[in-house]
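The following pair of complexes shares a single chain, chain A, combined with chain B in the former and chain C in the latter.
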Partner chain A sequence: MGALSIRNVKKSFGNTHILKGIDLEIEKGQFLILVGPSGCGKSTLLNMIAGLDDITSGEIAIGDRVVNKLSPKDRDIAMVFQSYALYPNMTVRKNIAFGLDIRKVPKPEQEEIIARVAKTLQIEHLLDRKPMQLSGGQRQRVAMGRALARNPTLFLFDEPLSNLDAKLRVEMRSEIKLLHQRLGTTIVYVTHDQIEAMTLGDRIAVMKDGEVRQFGSPQQIYDAPADLYVAGFIGSPSMNFIPVQLHEEDGHAVVELDNGRAVQKVRLSPISDSQRDFVGKQVVLGIRPEQLTDPESAHSERGNLQTLQATVAITEPTGPDTLVTVTFNGIKTVARCHPRAAGAPGQQVELTLDPTKALLFDPASEKRLA
Partner chain B sequence: MADYQQSLQAKLIRFGIYAVLVLMALWYLAPLYVMLSTSFKTLDEIRAGNLLSLPGTFSLDAWSAAWSTACTGVECGGMKSYFANSLKMMIPAVLISTLVGAFNGYILSMWRFKGSDMFFMALLIGTFLPYQVVILPMAQVLGWLELENSTGRLVLVHVIYGLQFTTLFFRNYYVTVPGELVKAARIDGAGFFRIFFKILLPISVPTIMVCLIWQTTQIWNDYLFGVVFSSGEGQPMTVALNNLVNTSTGVKQYNVDMAAAIIAALPTLLVYMVGGKYFVRGLTAGAVKG
Partner chain C sequence: MTASRQGAPGFSLSRLADVILPKLVLAPTVLACLVGFYVFIGWTAWLSFTESRMLPRYEWAGLVQYVELFGNDRWWGAMQNLGVFGGLFILVSLTLGLLMAVLLDQKIRFEGAIRTLYLYPMALSFIVTGTAWKWILNPGLGLEKLAHDWGFTGVTFDWIINPDFAIYTVVIAGVWQSSGFVMALFLAGLRGVDDSIIKAAQMDGASLPTIYTRIIIPSLRPVFLSAFMILAHIAVKSFDLVMALTGGGPGFATDLPSIFMYQHGFTRGQLGLGAASAMMMLFTACAVVMPLLYSELRRERRG
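So, the complex of A and B:
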């Protein structure tokens, strides 16, 4: 039995179905990310885990306790909110002590807990200030301190970094990760930011329209996305999707890419059974920008790299790499090249493609053809 | 040279502006001045006829008469017992309507239920109802309740009539408070009442001040409900003042009338002086902060 089990959980308001049967399970100490665009139901799911929203049907268990009917305070959880939700009329110390007071923790023990939490988060010098006198990052720390003081079996984070500026967000992100590694608590974390999802999570649930599109480890989701949506959502710049016709040659999947001057044959991995059904039909070829690069940057140890010619449309230097936009089959395709090999608009460049990483999708069902 | 000219011109304009402002202020203060100076004059001096002259001798006779011996109708006990009536009516009515309004606002913003928006709309319509419309049904209700005590009746009437305003003030403030605050408190284990008293009420000071000032002014200055729903010794200040001024036996004692009117106006004046800055701050708190 996992630390958190969500079994066929649904949420509806009349005929509007917010969540359409969610199944998730994580082990103790895991960091679960719920990621998706706004309106996908991820915050609703978190609120239901917290007990702030009712469950229409299904079951949520924390540890081995089904918590469907328990009020938030009896679920042994703590939550950090996007707006921090610090009590404005109380000092930092009182903010942390508020929950302890209610649970009738004796005063000396409260002092001990506050001191320990303040030390962990380095907010000792802020204890007697009011939230109004704190910066965004400090408020965020206090909000986490309030959650830590509770010492719950499950931490819930609702987009905790969205209100911070970019630099602070990166700092706090690694701090949350460090905290998780040190304390080993189970965390459920909601975000709309795929980078946060990738960097923090042990397990990621990519959600859309009230459904979990894919549930797996960050690398699984990155390398083997279940469908076009997940493939496009995770990764930045996002995956290129090129419509192609699928052929089979010597047991390999083969597609053709037209760069506007010539049609080039690309030999991919050995064809699988599910791919074989699509031979002669239109499919979508998915290539991540870093798998389409200049020959110099390509990993040469892989023997069967495919070479492609293309005309540069625009170049976008990011510093370490330059993003080169070319056209294949009429679709703008981004390649990640070494700045020296990026070429200039109008120039011909040579690109190499790692065929083992190229993915094929069914354009109708949008599922990946494994 | 040019600078000098310009600054002279600026000074002249500034002088003009201040002159106009001072004149306006004097114009508005003139009635108060007349009331005050008249209240310190003797009747002989008043009869001499100069409305704007300063009192020749500062006589406090009119004030003590207004307070304790002036006749309101057949009784001649001055205003003091009616002043007390008004206080006894106003204090509970203001406190109850403010507290219940805060509570209503809390529920209508943080614990919405099916039909809560309709409920709020209905309350809003209540703010547009004039006093006169309420009188007859209210009399009926008070009859059913068999509430005999004048002060009790007026407290009830003012609480009911004031609720839509206080609810509106608090609700509009609480919708600007992030709902996550309540969620966080629920997870901390705070219940419905603890969240209200420990978290929301303490951050509502500006709104509480608005309600106190608004309700104090409304209730203290009310004449219509006072004259309709109270009788005899239970009447509030405003009704007594009317009776005092309109008592038509003997000579018209303008100085006593003026002193009584000032006494009647003092509490609201005081509330504005003490709480005025909160009033504007509270009214705009929701609008600016967001």
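So, the complex of A and C:
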């Protein structure tokens, strides 16, 4: 039995169906990420786990207790809100103590907890300030402190970092990860930032329009996205999608890429049964930019690398590597190259493609052809 | 870039627009305020140190008017009435206004209609309020008569003609007029409270009454202050309401400093005494408001 089980949970406001049957299950101590575009229902799902919204149908269990009917305070969870939601009239100390006070924790014990939490989050010097007198990052810490003080079985985070500037966000991200490793408490974390999702999560649920498109480990989702949406959402810069016609040669999937001057044949992995149904038809070839690179950067120990010629359209240096935009089959395609091998606009470059990593999708159903 | 802008011919024109124009636009208002408030305060202050009777006289006479004022029983009666009226009026208006705002904040239906209904009294002038309540409270016309007509002949509600209770009728009329406005102030404050704060408190295990008493209402502190200031100044300058409702009577039972000032200054030919009482009203108002403002400003400076 998992730490959190969500079974066929639906939510409707009148006739609008916001969540259309969510199924998720995580083990104790796991870090679950709910990621998806704005309005896909992430906060709604989180509020339902918290008990702040009621469930239209389905079942949510925390540990082995079904909590559908329990009020938020009886669910043994703590939540960190996007806007921090600190009590403006109380000092940091009172903010942290409020929940303990309501639960009638004796004063000396409260003091101990506050001291412990403040030390963990390094906010000892802020204890007597009001929220108004804190910076965004400090408020963020206090909000986490308030959640930590309760020592719950489940933490909920609703986009806790989205109000911070980029640098602070990266800092807090690794702090949250450290904290999770130290405490080992189960966490459900909402974000719309795919980098946050990849770096923090043990399990990621990619949501869209009230449905979970894919649920798995970050690596699974990165290497084997379930459909075009997930493939495009995770990874930055995002995956290239090139329309191609699928052929079969010697048991391998083969596609043709036209760079504007010549058509080049690319030999992919051995063809699978589901792919064989699409031979002779249009499919979508998905290649991540880092799998399309210059020969020097390619891992040469792996045999079977395919070499492609292409004309450089734009180069965008990022520092460690340069993003080179070329055209295949009329589609702008991004390759990640070593700065020295990037070439200049108009030049011909040689790129290598790792065919084992290339993915094929059905353009109609958008599902990956496994 | 900066050098070219400094030398540009538009410099004086943009300076005119940026610096002088706002001052020019504000000047008449500032001037009107200076004359309307401070010049007349000064004039009144000067008159309070003279022996002016029907007409202003400007020879210095020292503190005679103040000595006379402090020896005047009617003045102390008026001050006492102001204390009772002001205290109750502010307290009840704040309590009622807050209560109505909290109830209205529970996402009830017809909220817009109810809010407007509560706010309507504020649109009336105090004269209208006073006259209306004079009729309502008149034992021969209003509530008491209504109760009698319905057969409850034992009911007596004659506060308005009872010297011991008349001041409370002024409180009733004043509260009726102002509590809707106070409610609107509090409602705006309540609406400004972030929803997620309430959610966070729910997660912390607080019940709705606890959330209100320990988090939301305390965070409305600035609203309390503004409401208090507004009500206090309404109380101190109350004049038309009492004139229309009771005329200061029965006897001097609902006499207020403002009525005292008006009658001595303008109808009894005791301009000097009236001016002295006006100055005392100003000091009273300052004594109430200044410490509050000061402490609030200090809080803000401390952050």
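The rule is simple: the second predicted complex is superposed on the first by the 370 of 370 C-alpha atoms of A that agree within 3 Å, B and C clash if a C-alpha of one lies under 4 Å from a C-alpha of the other, contacts with A are read in each partner's own complex, and residues count from 1 in each chain.
We take it that a residue touches a chain if its C-beta (ideal position, glycine included) is under 8 Å from a C-beta of that chain, and two chains touch if they have at least 3 such contacts.
Small disclaimer: the values here were computed from a predicted structure and weren't measured.
For the composite obtained by overlaying on chain A, chain B and chain C cannot both be accommodated without a clash.
Of the two partner chains, chain C is the only one that A:133 touches; chain B does not reach it.
By the touch criterion stated above, A:334 is placed in contact with neither chain B nor chain C.
Applying the stated contact rule after C-alpha superposition, one finds that A:48 touches neither chain B nor chain C. In the superposition on chain A, contact is made by A:85 with both chain B and chain C. Applying the stated contact rule after C-alpha superposition, one finds that A:360 touches neither chain B nor chain C.
Once the two complexes are overlaid on the shared chain, A:324 sits clear of chain B and of chain C alike. Overlap of the chain B and chain C contact sets on chain A: residues 47, 50, 52, 71-73, 77-79, 81-83, 85-89, 98-99, 102-103, 146, 150.
Of all the residues in chain C, the ones that touch chain A in their complex are 194, 196-197, 199-206, 210, 214-215, 218-219, 221, 303. Those residues of chain A whose C-beta lies close enough to touch chain C in the complex are 47, 50, 52, 71-73, 77-79, 81-83, 85-90, 98-99, 102-103, 130, 132-133, 146, 150.
Residues of chain B that touch chain A in their complex: 178, 180-181, 183-190, 194, 198-199, 202-203.
Per the touch definition, chain A reaches chain B in the complex via residues 47, 50-52, 71-73, 77-79, 81-83, 85-89, 98-99, 102-103, 146, 150, 158.
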